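First chain written, first letter: the chains are A, B and C, and each begins at residue 1.
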Amino acid sequence: QGCEDDIAPTGTKSGVPTTSSITFFGYIQGQYSSEFLQPETTSSFHFKRARFGVRGRINRSFSYYASLEASDFVSSDGNPYLLDAFITWDKHEWAKISMGSFKQPFSRDVATACHSLTTIDRSIVADQLVAPQRDYGLMLLGGSSKTKFRYSLALMNGTGLGTKDTNKKKDVIGRATYQLLNFLNVGASFRYGYPTNEDDDRTSYGFDALISYKKLSVQGEYIYDEGAYNLGADGGCGATPVILGDKRQGAYVMAAYKVSDKLQPVLKYEYFDADTDLKVSPISGYQEMFTVGVNYFFHKKVRLQVNYQIKEVDNNSDHDALLAQVQVRF
Amino acid sequence: QGCEDDIAPTGTKSGVPTTSSITFFGYIQGQYSSEFLQPETTSSFHFKRARFGVRGRINRSFSYYASLEASDFVSSDGNPYLLDAFITWDKHEWAKISMGSFKQPFSRDVATACHSLTTIDRSIVADQLVAPQRDYGLMLLGGSSKTKFRYSLALMNGTGLGTKDTNKKKDVIGRATYQLLNFLNVGASFRYGYPTNEDDDRTSYGFDALISYKKLSVQGEYIYDEGAYNLGADGGCGATPVILGDKRQGAYVMAAYKVSDKLQPVLKYEYFDADTDLKVSPISGYQEMFTVGVNYFFHKKVRLQVNYQIKEVDNNSDHDALLAQVQVRF
Amino acid sequence: QGCEDDIAPTGTKSGVPTTSSITFFGYIQGQYSSEFLQPETTSSFHFKRARFGVRGRINRSFSYYASLEASDFVSSDGNPYLLDAFITWDKHEWAKISMGSFKQPFSRDVATACHSLTTIDRSIVADQLVAPQRDYGLMLLGGSSKTKFRYSLALMNGTGLGTKDTNKKKDVIGRATYQLLNFLNVGASFRYGYPTNEDDDRTSYGFDALISYKKLSVQGEYIYDEGAYNLGADGGCGATPVILGDKRQGAYVMAAYKVSDKLQPVLKYEYFDADTDLKVSPISGYQEMFTVGVNYFFHKKVRLQVNYQIKEVDNNSDHDALLAQVQVRF
């Protein structure tokens, strides 16, 4: 967990915890967005994310991680806030425990670090249904990028950052991945909780897979979600939450190819159905998006992303957008 | 002053200023709180404090200190803010001068660094009466942890952080401590000021003592306060200010015993009378609290605190709470 | 650009880019202000600015810069925010490109780093007319402090930080300086944009000069501005925007003399006409200010500034102020 790196807070790349250390990190994503809406096209320079953090190790058993989101366009009030911040007891690789704030361990797309997304935006289904995307709680986790199997199991408020839980019941969220074949990693996620009160529950699950074959990577994921939800709980980084029906679902499939070390074109198709019971036009809550993009790595820490998004929302196709982002990591 | 360490900003532990330096520091306090209220018990994961700072020395005469509070649950609007930030001219140990924002030099409880409190919460009387707990101003101070005598004398706005002073008159706050016996340190504090306008004044004083005998420490403090006050001025870290009468007072006594290097049980009794003239039930403004706790140090920088608080507010005892906090410092 | 140092983000002082690096920096400006208003004098301790940042170099072609303003008295809501943050492609000294948030390249006064101003406040004309003083965009720039000629040309939203652009048209802002004689540097600035909508434009230009002769420096600048403007766009650090007429202008001239390495007295005269078409008393929108000040450098990183401001606003002279600021940089 943590947006910077999946494993650093809980040990070195080899999985063996080391002794005392402190590291500063951060990245800024300057962006130019142009939305081709009707009747008017808008365009703006802005930031997607601007993050600053510190992580390190106290001793062989404890590590920590803390980061601040400083972009004016992520939190609902535009102010900076404490994003991921947790202490991890990582003495045993298969039973690490984290406490603090972190992403819900749900979805491969959400688990991908925010500076390593293949397209500029996360999938709509992940932004809309894995909400709150971050929360306070406790997490049990095991495995690393070196192991075939990894899992995370979290007990969280269910109300998201910036607020205390409004009820006594907590949410349970879990995720596991397995390297089934050399080129195939599969995953499954679930969540059961009480987002609004102690009576109305919510059940979610998802399946995903990642094929990495030579220079090609293909990633797909399906998420289903039903029951109560909290519209106020922020979803993905700055995504505007939509109104959901009782049952909702979505999926995406994305293919990227590393033409060279620097150049990586990407294609993504996705759909999101905000209310599976609603099939009538013009308001069906259904949207589709096709993204054509290219990533150019000037340096492993300097990336240019250009995405053209072809969107259709409620059978209305006047929502295309052109996004260009320059990211620098330090 | 400063929450990180009482003396580092003004010199080394030996009291001798050194040359140029810069240090990053911080700590996060992940917490789980359960309040046994009637008719409903609530519980939540959250943060108590999450602080990030920098301190250092420019030359033999000037040092600096700056820190940011990033917890969502401290400032009244939940946003991060500049906490303690000051420059200190510390050429002469007995006449150092600080300018900026810092804690009011009042009360032993308030003077204790926020990551070194023996119980999770400060005493109610310190949170409610030493408010604003932090303010902008000038401070003259002398002595260090190596000297028998220490003093602080501050001229401050009296209106707290985040706002300019609303009147021309400033507050005077002072505190002195003396190591009377090897095992006994005594202290006294006073404050005289104009919290709201130029006509209505406020007078406060307090006495305190700390007995450190082998593995036992016993600390006690009494605070009396009368006159005008500013309800909006934030008190202790996230404490909700209560309405005060013309005269108010409170005290606590706390005993802790270091069973081992790692384990330290603690008991604390305290009371707070928000209006000493009001004696009628059911609203007397009077509250008592008994805290049973234990501190466990996994490492000197990783601490678990568990506190059970038995509270009685206005003769109503349905206010118990169970708090568990994990703190990591870096 | 960037408030810390004009050239560091885009190379070393020699203009030759170096390899990977990271530097933390910041400064705090503790201030005491007393305003001699009628009928009442007010006074307060507060902060002017409190900034924390990081800058560095990724490789020979890319550098970055990011800083946070944490003073409670700069942003309109008093919260911290991301100030300057940009990535710069600086492979070629005469065609560097920055993307992110930075100051508009307009006015010598605005171009001066916020910790290196000769008087505590910037000139009124720069604070009122170079607004938004910071914005999101792209900038092409060339030259350095080692070259006779320097230029900056920016394409920016025109709406300032914290908000996306409300229209499709962008603002163009540019500035060039030239070292005409050994002791004389001259500059010119222009801006053309659409601050509010796509129909109403704004045109601004300015001329400035800096004479540096032995221990004396004399700086002067004239700014003219006409057309639409956005009252909400924050001007200088915490300056309160005034209502402007269709045409407005102002100028200042400032002389400072380094009596010794530590002591530098300064005199500044300035005027600002918020509406050149309005000449009637009592509301003419015209103000004049004369500043008498002294800078004392305890250390190159510790500075005391004392300014007495004699102001006349709309022919009313009851606006004098005494400001004292202590700044520490790290």
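Here is the rule we use: contacts are C-beta pairs under 8 Å (C-beta built on N, C-alpha and C of every residue); 3 or more make two chains touch, one makes a residue touch a chain.
These figures come from a predicted structure and were not determined experimentally.
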Copies chain A and chain B touch via same or different residues, half shared test: different
Inter-copy rotation, chain A to chain C, in degrees (Cα atoms; steps of 5): 120
Geometric centre distance via CA averages, chain B-chain A, whole Å: 39
For chain A, residues contacting two or more additional chains: 24, 79-80
Touch list for chain C against partner chain A, complex: 22, 24, 54, 56, 58-59, 61-62, 64, 66, 68, 77, 79-82, 85-87, 99-101, 135-138, 156-157, 161-168, 170
Residues of chain C touching chain B in the complex: 24, 26, 28, 30, 32-33, 40-47, 50, 52, 70-73, 78-80, 298-299, 301-302, 326, 328, 330
